[in-house]
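Two complexes, one shared chain (chain A), two partners (chain B, chain C).
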Partner chain A sequence: MSDANLIILLSTISTGLILGSIFALVAVGVTIVYGSIWMPNAANGQFFVLAALLGWTMTVSWGIHPAIAAILVIGVSVPLSYGLEYILVRRFYDVPNRNISYFVLSLGITQILTGIFAATYGRWSDQFQLPPLVSGITFIGPLPVANNRLMVLALALSILAALFALLRYHRYGRAIRAVFQNRDAAALRGVNVKASYSLSFALGNAVIFAGGILFALAYSFDLTVAWTMSITAFAIMIIGGPGSVLGAVIVGMVFGFTQAAVSTVASPTIAAFSYLGAMLLILLFKPSGLFAR
Partner chain B sequence: MTPVTEKKDLSLLAKGHGLPLACFAVVAFATPFLLSGNRYFAFVAGVTMIHILWASGMNLLYGYTGLMPLMIAGLAGISAYTVVGLTASGWSFWLALPVGALAASISGIILGLPSLRLKGFYFTLCSLVIQTVVTLGFIYFSGLTNGDTGISQIPLPSMGGGQPLSGLAYDLVLSAAAVIGVIVLIVIVKSTLGRRLIAIREDDELAGMLGINVTGYKMIAFFIGSLFAGVGGALYAPYIGFISPRSFDVLISMNIWLMVAFGGRGTIWGPVIGAILLAPLSFLLQEYYTVKDILYGLLIIAVIVLMPAGIAGGFLRKKKESAPPLDVPATPRGAK
Partner chain C sequence: MTHRKSLLAVLATATLASAGIGHAQEKPPVKIGFVTELTGAWSFFGTSCVAGLKMAEKTLNPPGKRKIEFVIADDQTSPAQAVAASRSLDVQDKVLALSGPTSSDTGLAVYGYAEQNKVPFVVPVAAFPQLTKPGTRYTFRLEPDAVGWGYAISKFVEKQKPGGKIAMIYSDYALMRAITAGIKYQAPRSGLKIVADIAFPQGSNDATVQAAQILAATPDFVMVSGAGGFDNTITNQLLDLGIKPEQIIHPFGITTQVMNWGKRSVGSYYGTFFDSNLDSLTPEGKTFVEEFTAQYDRPPSYGENFCYVTANVIREVIDANPEAADDREKFRDAMSALKTKEKTSGIPIEFDKNGARMEYMYFLQMKEVTAKTYKAKQAFYIEWDPEVIPVYTLVK
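Here is the complex of A and B:
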């Protein structure tokens, strides 16, 4: 009896940790891009699914080992981001109130990718499942957990830690943060603003891709996850404070646990309602977010 | 400086709508007769009329009041579900229509409340969240809405005698709705109300200092804009005969936004042209519906990047818009 409750509790905690770390990754990706170039990337969910689908193609269709596929997928994001930056994003760097233009732009990208996914992957399958990264099962107390999911959790947390270290201590990270805070002052101190913009765009998207491929390795997914992820990442970013990486990580973790707990007792839709409600309240009463920079 | 000249431009544009209005009315009422031989094309024309109504409502908010709500489809959905629910429980369609439209406009006012505190991107994001909540609500409360399956075989509204409205008569009703919608928009824009909304669009703080009740006028704009959405949604449900949460999801809101932005926001005829050009696409490309999504996405990007003022304003404002891009390379070079 209490054993069953313990299993439910432990499984909620483990799901919450994995989901939370993935939410945190995607939200950090969105918040880095918003904080630096003011681009609210509504296409983050589509990028997330794109990474997952590319991983699926590489592992299931081409037979590449999942670990190599994951690295390749994250690698693919770099030329993709620089291409997008060169063609579209760069045009608006000096436009006042560019966040709304960027928002609509990214909604356009969302719609294009939705169409492409429906035309290609949508015809093949409803549910996509990747082969596991590592096999085997570990017992945490009475709860069996797939080693694969533990591996995903470890990877997600270490990417987050690396990102923190990069932003806090490395030259590039400091440049990005300087441009976050005051673009003109950073430019006067010799920071190449434009290079830091394209770097943060690429970095943010790489993190979103990492979140997508890790999610795909841990869970099976379908194409509808894209929009849910977009809205969830926005909710996390707004509540955590736009541009605040720490806020995105903390709120992302909280959302992961909420999702896991609410899905156990009620339904995922209720969880979605709860975040959207929280986001509306924050938007109305404290638009700078809980962890404002 | 600029707001004043632009205001003059718009008041000039607001004059002399008689001829285009007459042409539009003639075309709108002639189309059902001309296409009566081919039910499919007549149907596409009818749906286009509904989109003209939606685009005009969006235009009032986005073009004239300067708010960008991405929840028009959600409001239309609220009205459509209300009407379908009421007619299913025995109401006449013609009685349910105003009730549904009113439900949409009251929801519009409530959902528009964030606009009092939020501007620009944050308001748009907020409206997108509301749109998502409304769509989730349509799916979640499946007792009322039949969830993702949707409601099919919605009966046609009946005429006075009790027999259902014929295809041609329904097409004419839709044409009349579109023409009345455009007339209402012209009247609003020409009136003091329209000028005050434009003042709010240009600078709401300044408008407030000039003694304009910004809160009240924003709410009025939301009421009327949502009424357009609601009437469109109420007419949409029996015309298509099928509604589901997908018929009113965020992509539809984006499409309505695109019609307004592509045609030219802040002009009467731009969004009408946008709706006429874009609404039939989704039906003509029905077999390749994914192509439609890709095409709409590309158009959204093209509108944002190449012609922020749309077709109607694109040629006029191009010279003004070309100034900022020249600055783009200057800053980083200067920074080095």
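Here is the complex of A and C:
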């Protein structure tokens, strides 16, 4: 294999890994919220962009180091989520068929945030680029990869691993999983279901924020990425099985690789639609998703 | 008696004063509807345009001249909203003419309204060729059309590297489609070979694989034109993989983008129609650059300049044809007959039968980028007739 072809192959793999891990993060955030409180959060793309914009403001305008900014951004998501949950989300906990109400509510939040972003950040929409976490280049064979991207990949995978550990081994995580599986049984076993709802909403959004800030650290972005990410996260969640964290991770990684591979062998335009086609195809045969319980 | 005399004097003074005021106010301001992108995806360009317009307004209405007033409306980067704003400005504000769009998509929407309703339309910064397609009567475009930019890029590469190889990597927007159509038409005629042609859908965020494909194609030059922040992504990923800055050509460079490309871009080329580094700035152009830089903390680029020039062109037309200030047909005729120069650069302004301008383009090479400014050197300049290539059939 010539160096040129090897570079293309390796770049496809590295892109698949980085994009896939970010897709997985966002989809996991969406699926935690959905699995717990049945909220199909259409505003996930706007939360994602909010994280990126906050990161941009902190690093470019305020001069904060990107690593500290990343931690602050994820931290900001916690009070924000609890605030939203307290003011809006918890009012629907006892509403029958509340997922429809939640969907409409999140569409409203989407519209409001879209308007706010356009009015406040729109004029800089060609300038959203964060300083790198680390500088330098590492050669993987003949392919030069920015150390910053490798760091983003490592962080994304670390967060996913930490999330798995939390959900599997920590009592809060086990409570969330219990509510995922059967909220009535969980309540009978002494789990505070509504506290678990609040925690899930905050945790899910924190993961989406983590995805947003890591994306912004790896790529330039603009406000339109909100819509792309929102659709992608929903598609991953639906294919993986709503409420399945493992499904979101696996399908997220597959999406990343699919996008990279299809854009190599076909074109970026076809790649953008390929996973939506895959979603429709899978839903034909397994409407509940690949990893649904 | 004294009181009566005083009262009469006051009344007489008041009458005279009101007559004087009445004379000054007998002609209402000439209103120009300025529909532009203050929000939405293209707002970085619309707000820059308004900044240029505001600079022009500082000196636009000297005493004794009929006041020109720009009524600014936000089209939200939406063609539908652009039409709605145009209608409102036409019907309610009764503007003399429309202007303002900086996006080809919104520009085409206003174009449709203006031509249909016979409202003169002065396009400051929108480059899609169909804005001045044959049969156009009320629209006048200051910015050279984007198919022509592709022609100019090919000519530039032909000069830099005869028989060279060129790659294209860009976002799939109307503007970029027009630019690449011009390159695809002219490159073979200039003896160039196109070795890669990669378009990204809107909303794309990664170009690593495509940058590798470009590298594998071993081009001499790469035309890079991503939409918004994606332009930085593509540029950085090409540089990461080993494409040299001297190989990169950005078809258009506005100040904010130039600063975004950053120090890594030193050596790369960008096309433009006005830049603070041009050799040919007029004294007014230098003042414009100085005052703009002082106010906005960055030098102006062609977007700001075209909007500055648009205001001054309208002033010039109304000064030379006072009757045109209240009559759209006369204003349209006066615009059509206009022969002037950009006050900032001295470049001629003259419109052909379709409202297109004799076209031109500068190519500058980046020499230095600092936190708030940059230095570039003029590397190439070209002028051409709008229809030197079939611009209106290459892009529909």
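Couple of notes before you dig in:
Definition applied: the second predicted complex is superposed on the first by the 280 of 293 C-alpha atoms of A that agree within 3 Å, B and C clash if a C-alpha of one lies under 4 Å from a C-alpha of the other, contacts with A are read in each partner's own complex, and residues count from 1 in each chain.
Criterion: a contact is a pair of C-beta atoms (placed from the backbone, for glycine too) under 8 Å apart; a residue touches a chain by one contact, two chains touch by 3 or more.
Quick caveat, the model's predicted, so the values are computed rather than measured.
Once chain A of one complex is fitted onto chain A of the other, the partner contacts of A:Thr15 are limited to chain C, with no touch recorded for chain B. Once the two complexes are laid over each other on the shared chain, residue contacts for A:Asp94 go to chain B alone; chain C is not touched.
Looking at the shared chain after the overlay, A:Gln181 reaches neither chain B nor chain C.
When the two structures are aligned on the shared chain, A:Lys194 is found in touch with chain B, with no touch to chain C. In the superposition on chain A, A:Phe215 contacts chain C only, with no contact to chain B. In the superposition on chain A, A:Ile238 makes contact with chain B only, not with chain C.
In the superposition on chain A, contact is made by A:Trp227 with both chain B and chain C. When the shared chain is aligned, chain B comes close enough to touch A:Leu105, but chain C does not.
By the touch criterion defined above, A:Ala4 lies against chain C but remains apart from chain B after alignment on the C-alpha atoms of chain A. On chain A, the surface patch touched by chain B in one complex and by chain C in the other comprises residues 118-119, 122, 227, 269, 272.
Those residues of chain B that touch chain A in the complex are listed here as 68, 114, 117-118, 120-122, 124-126, 128-130, 132-133, 136, 139-140, 250-251, 254, 257, 261, 289-294, 296-301, 304-305, 308, 324-325, 327-328, 331-332, 334-336.
Interface of chain A with chain C (complex): residues 4-5, 7-8, 10-12, 14-15, 18-19, 118-119, 122-129, 137, 143-146, 215, 219-225, 227-228, 259-260, 263-264, 267-269, 272. The residues of chain A lying in touch with chain B in their complex are 40, 42, 88, 90-91, 93-95, 97, 99-101, 103-105, 107-116, 118-119, 122, 187-188, 191-194, 227, 231, 234-235, 238, 269, 272-273, 276-277, 279-280, 283-284, 287. The touching residues of chain C, counted against chain A in their complex, run 38-41, 43-44, 47, 76, 172, 198-213, 215-216, 227-233, 236, 240-242, 254, 256-257, 259-260.
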